[in-house]
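Below is one structure, written out as C-alpha cells, with a few remarks after it.
For clarity, chains are labelled A, B and C in written order, and residue numbers in each chain start from 1.
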Amino acid sequence: MAEIDTNQSGDTRRDFLKKSTLITALSLTPLTVLKAADNKVDEQFAELFEKIPLNLKVNNKPFSLKVEPRVTLLDLLREQLRLTGTKKGCDHGQCGACTVHVDGVRVNSCLSLAVMNEGKSITTIEGLANGDVLHPMQAAFIKHDGFQCGYCTPGQIMSAVACIREGHANSKEEIREYMSGNICRCGAYPNIIDAIQEVKEKGAAI
Amino acid sequence: MGNLFFKDENDRVDGVDKVTGKAKYFAEYQLPGLTYGVLVTSTITKGKITAIDSKAASGAPGVLGVLSHLNKPSVAGYEAEGGAKLKIFYTDQVLFNGQPIALVVADTFERATFAASLVKVTYEKGAFNTDFEKSIKDASVKKLQGAAPYVRGVENAYKTAEVQVEQTYVMPVETHNPMELHGIIADWRPNDQVTVYAKTQGVKATQNTIAGAFKIPAESVQVNSEFVGGGFGMALRTWPLEIATVMASKHLKKPVKLVITRDQMFTMVGNRPAAHQKIGLGATKDGKITGITHTAFGQSSTYENFTEGVVNMSKFMYSSENVNTNYYIVPLDMSVPIWMRGPGEATGAFALESAIDEMAHALDMDPLDFRIKNDPEKDPAQNRPFSSKYIKEAYKLGSAKIGWDKRKNKPRSIVEGSWNVGYGVSIGVFNAGRGRASVKGILKADGTLVLQSATSDIGPGTGTGMGLIASKLMNIPTDKITFELGDSSLPPAPSQGGSATLSTVGSAVNDVCVALKATIAELAANSNMDATSNFVDVLKKNNLPMIEKTIQSSQNNPDAKNYSMYSFSIHFVQVKVHQLTGVVKVSKIVSVGDSGKIVSPKTARSQMVGGAVGGIGMALTEEAILDNRYGRYVNNNFADYHVPVHADVPEVDVIFIDKPDPIVNPMGAKGMGEIAIIGFAGAVANAVFNATGKRIRSLPITPDKVLMG
Amino acid sequence: MINFQYLRTTVVKTALGLVSKDPKATFIAGGTNLVDLMKRGVTAPEKLIDINHLPLKQIELKNNILHIGALVSNSALAENAIVAAKFPLLMLALQSGASAQLRNVATVGGNMMQRTRCGYFYDTTMPCNKREPGTGCGAIGGYNRMHAIFGTSASCIAVHPSDMCVGLAALDAQVVIAGTKGERKINFVDFHRLAGTTPEKDNNLQKGELIVRLEIPVNNLNKHIHYLKVRDRSSYAFALVSVAAALEIKDGSITNVRLAMGGVAHKPWRLTTAEAFLKGKTATPANFEEAAKLAMKDAKGFGENDFKLKLAPNSIIEALTIAKSKA
C-alpha cells in the first residue's frame, strides 16, 4: 500500500519501500515500467505494480480492488463495478452528470482519482432507492417530469438530495444557484426546481 | 413506486428507469471481451498526413491495434464509387482540424487513452480558410447556391417602400452538445453479422449506413439504441467515427467501444452552421408590409454540402405581395454541419423576427399589432389555406399572461433599480411533417398491449406519447401498454427528426389500434358476443392468447395536398438588463404552442420548456469560437461553451392552443420539438432592445455587446 | 494519461521530502484542476503525493487572526460561522466560484494553485508560453475576450481564474508556506506573480514547498461588503470581471476600504490607488466614479477584451454602490 505514516524524514521513503516487493515496484518511475512493457519484457509484472489496492464501500457494499492510480472514480464505477447509473458527460468537472456522494458529500466523480477514495463510502444513483421504493427525490422527478433524455438525471438527483441536506434549498433562487453545477441540455430545469422544492417542502426524511 | 406521490397516466413510461440509473445508454452494455477505442485527431486544418508513428502506441501495455489509413482495413463500400464523403482511414488528406485520423484500441479505457497520446503524426500543411464572416465579404471565396432563388411579385420591393428596414444579422456556430457523449459499441462476429449499440435518432438509418459501408445485407446489422442521451439533430446520421469502430471490431475480431470526448463533440458530430443574413423590409406608413427580401449565407464544409431552410419562413409568415429570397452556402475547411433543433428556421426566425420588430419600432407600432395586421389568412407562398392556424388566439393568450400591457413602445421606459426591463415577442414556425411508419401491435389475453416500431426516443417521450394514443383508442390503461423502440429488427420507422415522430409513428399506432379493434369486433361477432365486449373476454372466448397486427400508415391524409401544414409558436419574454454591466437576465417566459391537439400534456410541456432553455442559450450564451489562424476551436468544452445552467432559467409558462388539426393526422396533433426553440432568440433580442434601446444583431447577446452597443 | 505513481502520507515533512527531491513529483489535494490538466495532457506528473490526509483542515480564530488550513474545502470555508460573521466578503467570493460539487472538493491551497483557463494554455497543439515557454502567446492577436487588461506582458495575457483569491487579496491575508527548511510567511498579494517574461510561474512558491495555511487578521469590514461577478451566464462560469469591495463607513465618510478585482490580471488585482483615493472621502456616487477611473489607469485592451476597459470601472462602481447600501 502506498501509505507513508512516519514522522521521520530523509530516508523514510527508502525504508518504507523495503517493506514489500509491490512497494519496491512503486519506486520505479512509470516510464521505466512503460519501457519494460514496451519491450514486452514482462507485461504481467508491469501490470502487477501498475495497480494498487483500494478498499471502499459503494452503496454500502464493501469492495477490495486493485486499480491503476490513473483510474477515476467515475470510470471505476462505470467500467469496473458496472454501476452505469453515474454518467460521463464531460469528464472534466464541467457538467455534473457524474455527481455521486462521497461520505455524504456531493462531488464530481470524473475528477476524483479512485485511489484517493480509500476507506470512503460512495453512494450512487443505484444506492438511493430503498429496494423498490423510490427515494422521494426520484419520485418527485417523475411527478414533475424533471428530465427528458434522462442522461443528466442521476447527477441532478444526487445533487438535488445533497442540495437539501446542505440547507441550500430554501428558495427557488437558492436552489437554482446551488444546482447550477448540473447541466441539462434538454432544458428540464424548471421542472427539476419544482421537484426539489416539493421534496423540501414536504419535509420527508432524505 | 414512490411512496410520496401518485402515479399519473401522463408520467413518462421510462421514468423509473431514468431516475434509478437502470436506463442503459449505448456505452453501458457489457459485452464479453469488450475493448476500448480512442481516436487520434488531426492538429492541422488542411493538408496531408506524411507519417504516422504508432510504434510506441502499438507496444504500450494492453494495446490491441492502431487503425489508420496506413493499414486501411477493408470497407467495401468505401472502395465503390460515391459513398461517404469523408472516408475515414481511407485517405491521407486532412479536411478539417480535429479530423479523426487513427483509432487506438486497448483492453482498458485508460490504456487506450494513454497509447493514443503516444501516436506521433507528421503533416504537410496546406493553406486553409475557416473565416466565415470574412468569406462573406471576400468575392474570391466560392459560394454555392443553397436553394433556388425565390421571387414573388417584385424583387427587392422594400427599396421603394414608404418605410424601410435593411439590416444584417449574424449567428455563430452552435453545437448540439447533448449531455451524452457520442460513440458506439460494435461487435462484428465471424459470420459477418454485426451488432451495434448506438446513439442514434434512427436505428434503421444507422443499420442502412453500416450495411452500405460494409456491403453486407441490412439484416446482418442489428442496431440497438433503447435510450439516447439527447441528440438535437446530431445523431441523425451515422458519423465516420462509427464506421471506424465497426471497422476496428471487424479487423480485431473483438467488440470495440468508442466514446468520444467533449472537445471532439465540436468537430466530429456536426454543428448548427454559422449564418449571415440580410433582411430588407418595406411597409406603408400605416403598417402594411409591401416587400420582404431575405438573403442568407450558411457555413458548410469543403467535402460535403450542407443546406437548411433558413429563408423558408420569410416566404409565408407575413402577407406581402412581394417577397424574394436567396440562400447560399460557404464551403470552409471545417467539419460538415448537421441539423440542430429548429434547423434553418431557428436561424431565419432570429433575423426575420428581429427585422419585424425593427420595422414596428420604425412605424411606432406595437410589434404585436404590427404582426397581427400582417398575418396572412392563407399561405401566400402556396396560395392555399393552412390546415389549422390559431396565431391570433395565441397572441392574445400569451400577451395576457406575460402582462404585455405593461410594455411601452418607447425603449428604456421601465427601470427597476439598476436594471432596465423590456418585453419582446417573436413567432416560430415549422413544417408539420408526417412520414410513413410501421407499427406492430400485439394484443394479449392478459389485458396488455405491446406496440413495436423501430423509432427512437432522444428525450421527447416517444413511448409515453404512443402509449397515450393507444390507451385512448383501446381503452387500456397506460400501465398495461408497452411501446418497444430503438431496435432495428422492429417494424421500420423513419429517424426521429423534424418534429415528425408523433405524427408519423402515432398515425401508425392509431391505424394498428383501429385494426386490432376491428379484429376484436369480428371475433366478438363470430362468437356471438356483444360488439362492445372487452377484448380480454373476446380473446379468451376464442382461446386466443393474443392477436397481432402490423400496419404501415399512409404517408398523408389524401386531402393534405390542398393545405399548408405548419406548427406555430409564439414566445413572449421579459428581460432585465443591467445598466452598468450589460448582463441580460430572462426574467419571464410565456411560450404558446399552436401545434394541434396535445396528446401527451406533461411531456409536451417539457418540450416547450426545453425549447425555451435552448432559446436562452442561443440568445444569450452559446457560441463556438474558432481561432481562424489555426482552424481550431478555443472554447470546446462545457466550461467555456456556455449552455444555460439552472440559474439562467426562470419559471416558464407554457400555453397550448390544444385544438386538433383536422388534416394532418388522425390525432390532430402537430409536431412541437422545433417550434419550442424557433423564434425564441428573436424574442429575447427584441426584449433587450425594448429594455435598452440597443439593437444587438449578432448572437449571442453577451454583456460586452450590450455594454458597447 | 500516464499511469503515474501514487503515494499517500499523513505527515507534512514526508510530503515535502517526496516532492522536493523529485522533479516529476507533485502534490495532489482536491485534484479538481490537476486531474483536469492531466487529462488534457497539459501537465504529466509521474508521481502524485496525495496530501489530503495531512493535518491541515483547521479553521480557527487565534489572537484575532483567522487561521485556515490549506486543506479546508472551499465549501467548508464558505459555510463556516466565523467566516460568515467576520469575513462575509470571503464567503461571497467563495460562493461565486465553480459549482457546489467542485467547492466540496477543491481546497483553499488548491484554489490558490489553480492554473489559468486560457484556451491556448489548455490546448497542447497551440502556442502558449505558460505551458511551453518560448512557443509564443496564442491569445495575443487571437481569442482574448476573457483576458487581462492589467499587468500584462508580451509573453502572456492570461488571467488567474479564482474568485476566492480576489476576496483574500482584499482582506490582507497572509500565506504560510512550508518547505524542507521550515516555514515562511508572505503577503497574499505577493503570492501570485505577474507574467513578465516567466509566465510559466503562476506564483512564488518554490519547488517542493507547500501552502499550509492562510492567516487573515480580523477587521471591521463585515457590513458594507459585496462581491460582484460579471460572467457570460448566471452561474458556473469564469468571470469576465469580478470585484471584491469592502467599506467601513463612519458618519458618511469612508474610514477603511478594500478593493480587488478578478478576471483582469495574471493575479488577483488589488486596487490600491482607488483605495487611497476613497479613504477619508464620503461614500458618494461621484467619489465611486472617480475611484473607478483611477483604478483603470494603466489598463490596456487587446482587442476582443477592450470592453473590459468599460466593464471593469462600471463593475467597481456597482460593487461599491451595493456594498454601501448594505445595512
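Note that in this section a contact is a pair of C-beta atoms (placed from the backbone, for glycine too) under 8 Å apart; a residue touches a chain by one contact, two chains touch by 3 or more.
Not measured: the values here are computed from a predicted model.
Engineer: State the chain with the largest centre-to-centre distance from chain B, centres being mean CA positions.
Structural biologist: Taking each chain's C-alpha mean as its centre, the farthest from chain B is C.
Engineer: Count the C-beta contact pairs for A-C and for B-C, then tell me which is higher.
Structural biologist: Counting C-beta pairs in contact for A-C and B-C gives the edge to A-C.
Engineer: Report the chain ID whose CA centroid sits closest to the centroid of the full protein CA set.
Structural biologist: B
Engineer: Could you tell me the distance, in whole angstrom, between the mean C-alpha positions of chain A and chain B?
Structural biologist: Whole-Å distance between the two chain centres: 32.
Engineer: Which whole number of Å gives the spacing of the CA centres of chain A and chain C?
Structural biologist: So the centroids are 27 Å from each other.
Engineer: Suppose each chain is reduced to the average of its Cα coordinates; what separation in Å results between chain B and chain C?
Structural biologist: That pair's centroid distance is 40 Å.
Engineer: Which residues belonging to chain B are in contact with no fewer than two other chains?
Structural biologist: Chain B, residues with two or more chain partners: 110, 114, 637, 639, 644-647.
Engineer: Mind pulling the residue numbers of chain C that touch at least two other chains?
Structural biologist: 1-3, 234-236
Engineer: Send over the residues of chain A in touch with two or more other chains.
Structural biologist: Residues 34, 50, 68, 70, 91-92, 176-177, 179-183 of chain A touch two or more partner chains.
Engineer: Could you please specify the touching residues of chain A with respect to chain B in the complex?
Structural biologist: So the residues of chain A touching chain B come out as 34, 37-40, 43, 46-47, 50, 68, 70-71, 75, 78-79, 82-92, 94-95, 97, 124-126, 128-129, 132-136, 138-143, 145, 147-154, 157, 172, 175-177, 179-193, 199, 202, 204.
Engineer: Name, in rising order, each residue of chain B that touches chain A in their complex.
Structural biologist: 1-5, 8, 11-12, 14-25, 27-28, 30, 56, 59-61, 108-110, 114, 177-181, 227-232, 259, 261-262, 458-461, 602-603, 605-607, 609-614, 637-639, 643-647, 649-652
Engineer: Provide the residue numbers of chain B that touch chain C in the complex, in ascending order.
Structural biologist: 43, 110, 113-114, 117, 418, 578, 580-583, 585, 620-621, 625, 627, 629-630, 632, 634-635, 637, 639-640, 642, 644-648, 702-704, 707-708
Engineer: Quick check: in the complex, which residue numbers of chain C touch chain B?
Structural biologist: Those in contact with chain B are residues 1-3, 41, 117, 119-120, 122-123, 125-126, 138, 141-143, 145, 228, 230, 232-238, 240, 306-307, 310-311, 314-315, 317-318, 321.
Engineer: So in the complex, the part of chain A that touches chain C is made up of which residues?
Structural biologist: Touch residues, chain A against chain C: 2-10, 12-13, 26-27, 29-31, 33-34, 50, 52, 68-70, 72, 91-93, 96, 99, 105-108, 111-113, 115-116, 118, 159, 162-163, 166, 168, 176-183.
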